[in-house]
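Note that chain A is present in both complexes that follow, paired respectively with chain B and with chain C.
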Partner chain A sequence: MSQAINGAGGVDGATNGAANARRQLMAIGVLAFLVFLVFPALLDPFRLGMVGKYLTYAFVALGLVLCWGHGGILSLGQGVFFGLGGYCMAMFLKLEASDPISTAIQSTPGIPDFMDWNQLTQLPLFWRPFRSLAFSLLAVPAVPCLLALIIGVAMFKRRVGGVYFAIITQAIAAILSILIIGRQGWTGGVNGITDLKTLHGWDLRTDHARRILYFVNALLLFGAIALGRWVLGTKLGRLLVAMRDKEERVRFSGYDVANVKVFVFVLAAALSAVGGAMFTLQVGFMSPSFVGIVPSIEMVVFAAVGGRESLVGAVYGTLLVNWSKTYFSEKFPQLWLVLMGALFIGVVKVFPRGLAGLYESHGRAWLAAVRERLGRLLSGEGRRITPGPPAPASVERPEP
Partner chain B sequence: MTTLAITGAAGLAAAVETAHPARKPAEDYLLTVEGLTVSFDGFKVIDDLSLAVEPRELRAVIGPNGAGKTTLLDLISGRTRATSGTILFKGRDITRLREHEIVRAGIGRKFQTPSIYETLTVFENLEMSYPRGRSVFGSLGFRRTPEVIAKVEEAATAIYLADHLRRGAESLSHGQKQWLEIGMLLIQEPELLMLDEPVAGMTSAERRRTAELLTGLSEDRALIVIEHDMEFVKNIAHRVTVLHQGKWLAEGSMDFVQADPKVIEVYLGH
Partner chain C sequence: MGGYSLGELKSILVMQGFNGLSLFCVLLLMALGLAIIFGQMGVINMAHGEFLTIGAYTTYVLSTASARYAPWFHTYYFFFAVAASFAIAAAIGYGVEIFLIRPLYRRPLDTLLATWGLSLIMQQAFRSTFGAKEVSATLPDWLMGSVKPTENIDIPINGMFVMGLTIVLTASIVLLLYRSRWGLSVRATTQNREMAGAVGIDTRKVDRLTFALGCGFAGVAGAAFTTIGSTGPTSGSLYIVDTFLVVVFGGAQSLIGTIASAFTIAQAQSTTEFFLTGSVAKVLTLSAVIIILMLRPQGLMALKVRR
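Let's turn to the complex of A and B:
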């Protein structure tokens, strides 16, 4: 039994791999059923769009499951990568929306409107490649990965870890959002990049387009889950857990710990970036409010609530937190921040392994009990309904 | 097996009685430490230390608390950087290499408290130390081949854990955890194994089996063992180095160093 608990965290091999894998596949199946069938069938376009938006945050939470939950690297700056991915996408869309005809009233037609307002007369050099869709799609993961690589190498090779790493990533989130807000002419400042219209001529703003984007996003999300599962199932997955628990031992087993950390940090950044790009496509804008410290910490809360070791749990956590955020901020706007804080404290103090952990410790047993009681109830009902020799038969049923 | 070890020990002891510094040419030694010094804030924890270990030698390092024994292992394994001096392993300067590079060069190191992966099984613990798939992409492509399984089982047999492969490592007894860590080193196939107090906290039966294990291991690799248990050292060591306040004090067979008045004064006399 204790071994079952050991293995619960990852996709462990030798002992309980098969049963564990089956259970995880079931959990993914249930989630897929919800995302692909239940939500699109039951929700109106507005609410479905919101779920689609939440699911883009789930990419960040998935990255955090890999890098924080398994690898023990807490990054409080994942919004940076989400934002960069989103901005790369938004830059392409903005250029497409800023053709000379629709921007004819500007003093310099053909450049994004916010540049014109900021007295820019030509497109900055770094914007030019984003006229190409291929380049932009490449830049979505590449730019955040490059930044993550630089941060990772600089930090992990010097053995900066734990709280120090978390603080530095938080500082980077603050720096980037200040930078974006400060360079209005290049980035659209605090408003971000807005009024995005078409992708290669395809209007993104229709309900139909949003619905398609929802499914594209969902497919990518399950692709990300599959990728995460694969990584955790390899030796690298076990290495991450080993590193988290006994970094020194891993080093003295001949591994370059820093490289493994850089890899998982870059992978988490890439996932976040895909989420950011899908956010831009679905919601139609990108702004620094997704880059800074607060959104970055919120994203950690999603992963923590879902259970930081569980990929599927991270998606549920993201949905749950965002749903309650929307619900409470609609009903009790003042209370929301307090509730969010309480939730985080609750996760840390009461159920440190999040929803997934609660399910492991209570949910499964409870479900089994419910199923059993339901079964007994149904069979009892069945007996009462069956005609024929009633009461006496059951009374004189002695034990053999 | 034991007779072989004893003659080996006697032969070595005869050759070295006062072997400081190394009298043979450096190529004959597996590990040569020369003029090693490390100081923390001006305090010299290891002070101008030289010693040499031959292939297939089982060397014990003893000394009172604070003599610098663990620091010596830290220096050789790259955990601490030397202030001055050199460490040669198989003729190669490893003084400035990083930990994992030193491991890959062929030096394994066991920590004082058992350092194993508690959340993994015994099998997975051993497999993790298998010397392949150590790079990021190597570990992504690593497969549990029959060869790997055979190696893991071989190591598990050597450390008396062949029947416990499927167990979670956290449920092992303290002594078994110590063995598991030794097994994790064995699977790396090191030419030099360094053990920091391997029998600390073991029962006397476990100590006996550990002595047998280490004696067997020294047939095809060198070992450096730090230990406080003098009886244990006497049983296994070919040669003993005594450290005191970071300095080399004496070296030779156990009987030889035990008879040395300097050693008696600083250590055994207490």
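Let's turn to the complex of A and C:
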């Protein structure tokens, strides 16, 4: 089984270049068509907002495709970076929402309401720079990147990897969520930072604003996909895959494996942070429920379901898992956890290459068959053919 | 720290020390099973907490059943419950190894995800069977009450019982590992899998037994757990991260290291807990562990292993 994954991964994007690149571009085109045209045209504002929310998780999944799918580094703490990015954004928005006039009934006007409830009388020092939009926008990627850099350098330079890295990142997710919940006065506790209203006077809560944010988010997402594709296409991308499959050999060839790992981990953190900030802007709050262990590991499943090596697949995977999560937890709340568990097991045992892999092995052949039949139907021959076996067996098989 | 007299401080230290020992026992009981699974096979079992819950629910079922149908038996049921917890958890573990773990030996990260999925399914199964509310086993009378050596010190009997159970269990693992045929093959497999196979040890069989045994120990931990807390569908998973840190911090292949690290973490946490709030204490302890691990990735006590 491992042979199959690694073998297929090595081929992916590396050897059969031109045709593969064209297929990937096609896949991105189809996704763009869905995200930019189909969803906004068909869905009502509420549903569109939900898709927008799911698409912010897709940033995390993209990061995981880079660092886990290609680099072999499984981080179970991506929620930390998503959350930090989101909190940086939320802190700015909260400060803007709690100007002295609208918070006049508090005992200390001008500070966020939850601080007032926790008997704080002045703004904590680390909140102050977040009055500036420029600083906040800078902090959104910078703070998570800095944390990722520290973790990455400390771990990878000492050649800690694999399951140890996974466990330690998971513990970091636990620590951060305990910290946020524990320091209510600074962070809003379990409820998180809520009641965000405007961005530089621009009301975020209207349908119109949400629609614009949806498109901004989608543009950023495709920017992230392009960035990911570019990184994977460079020598660094090749090194990543090589490192995943035979780390020692890469090291003996004279490359500094640790630097490559640190880079891809920081990149994944930055992507997650952008997703977190976009989440805050679109949904209007940020809470520790996106930081801890459970959300972090669920984000891994988004990437795994999509196909851990496929950037576009990660977006589809995120959409699919979240859609089914919303659907099942509304209709059959008991079933959802079992389904989620089965998904974890299935994605590992039955279809380790996720949706992208399923498409490669079944979808493309099916599409080819459909296209052929459609072609026949349109040219008028379809009607004359007596109904027999639906498609010749040779069509079912993908082209060699 | 002001406001306490010297005598009171001493009592606080003793009581908190004892609380730390209770936490130490729970952590150690869970970590022991995990340590032999992780240390020997390199398998991350995220569902380990759920095996603890299996043990806890087994005890609960036996306690209610004996209270209803055989009151005379209720005094002694607990010993029976410990054995039953072990047997059931080990049997389920054996099955899990065959169906889930074995095909994934060369992909440890995938094992981690698959066992996480298993833990979700098991949690839902507990919730559907026993309800979302926490349940607690009724303890036999001899486990109730407490000992009062001085006026300010109050040591509960169930805590002492758990401690005794921990000692017995630890001793039996040490004996099994270092004085039995099975232990010999386990240690051989840990140190050099290929070579162990070459001299005729069926390493796959060793793996199966080890996994079942580790799960069985988690079941016993669950039985012990019922004496000091109530059981809910997710009570096992609350400890899983701490337990993994204990194992990693101790040095994955070292049993002594596991014991030492469980002791350090538990004591550090419960002592800081008294003076600071619970969440800050936990954050401090976990952060300290992670920082130490960053400086010394091999853990407290490392065993020389050929990879």
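A few notes on this one:
The definition used in the following text is that the second predicted complex is superposed on the first by the 361 of 400 C-alpha atoms of A that agree within 3 Å, B and C clash if a C-alpha of one lies under 4 Å from a C-alpha of the other, contacts with A are read in each partner's own complex, and residues count from 1 in each chain.
The working rule: a residue touches a chain if its C-beta (ideal position, glycine included) is under 8 Å from a C-beta of that chain, and two chains touch if they have at least 3 such contacts.
None of these values were measured; they are calculated from a predicted model.
Applying the stated contact rule after C-alpha superposition, one finds that A:Y164 touches chain C and leaves chain B untouched.
Residue contacts after overlaying the shared chain place A:A304 against chain C, while chain B stays out of touching range.
By the touch criterion defined above, A:V348 reaches chain C but does not reach chain B.
Shared-chain residue A:V241: touches chain B; no touch with chain C. Applying the stated contact rule after C-alpha superposition, one finds that A:L204 touches neither chain B nor chain C.
Legend: residue contacts after superposition of the two complexes on their common chain; A:M340 is shown touching chain C, with no touch to chain B. Shared-chain residue A:N259: touches chain B; no touch with chain C. Common to the chain B and chain C interfaces on chain A are residues 2. Those residues of chain A that touch chain B in the complex are listed here as 2-3, 6, 9, 12-15, 231, 234-236, 238-239, 241-242, 245-246, 248-257, 259-260, 263.
Residues of chain B that touch chain A in their complex: 77, 79, 98-100, 103-104, 108-109, 111, 115-121, 123-124, 127-129, 131, 133-136, 139-142, 144, 165-168, 170-171, 184, 188. The touching residues of chain C, counted against chain A in their complex, run 42, 44, 100, 103-104, 106-114, 116-125, 127-128, 241, 244-245, 248, 277-280, 282-283, 286-287, 289-290, 293-294, 297. Residues of chain A that touch chain C in their complex: 1-2, 68, 72, 74, 154-155, 158-160, 162-164, 166-168, 170-172, 174-175, 178-179, 181-182, 293, 297, 300-301, 304, 334, 337-338, 340-345, 347-349, 352.
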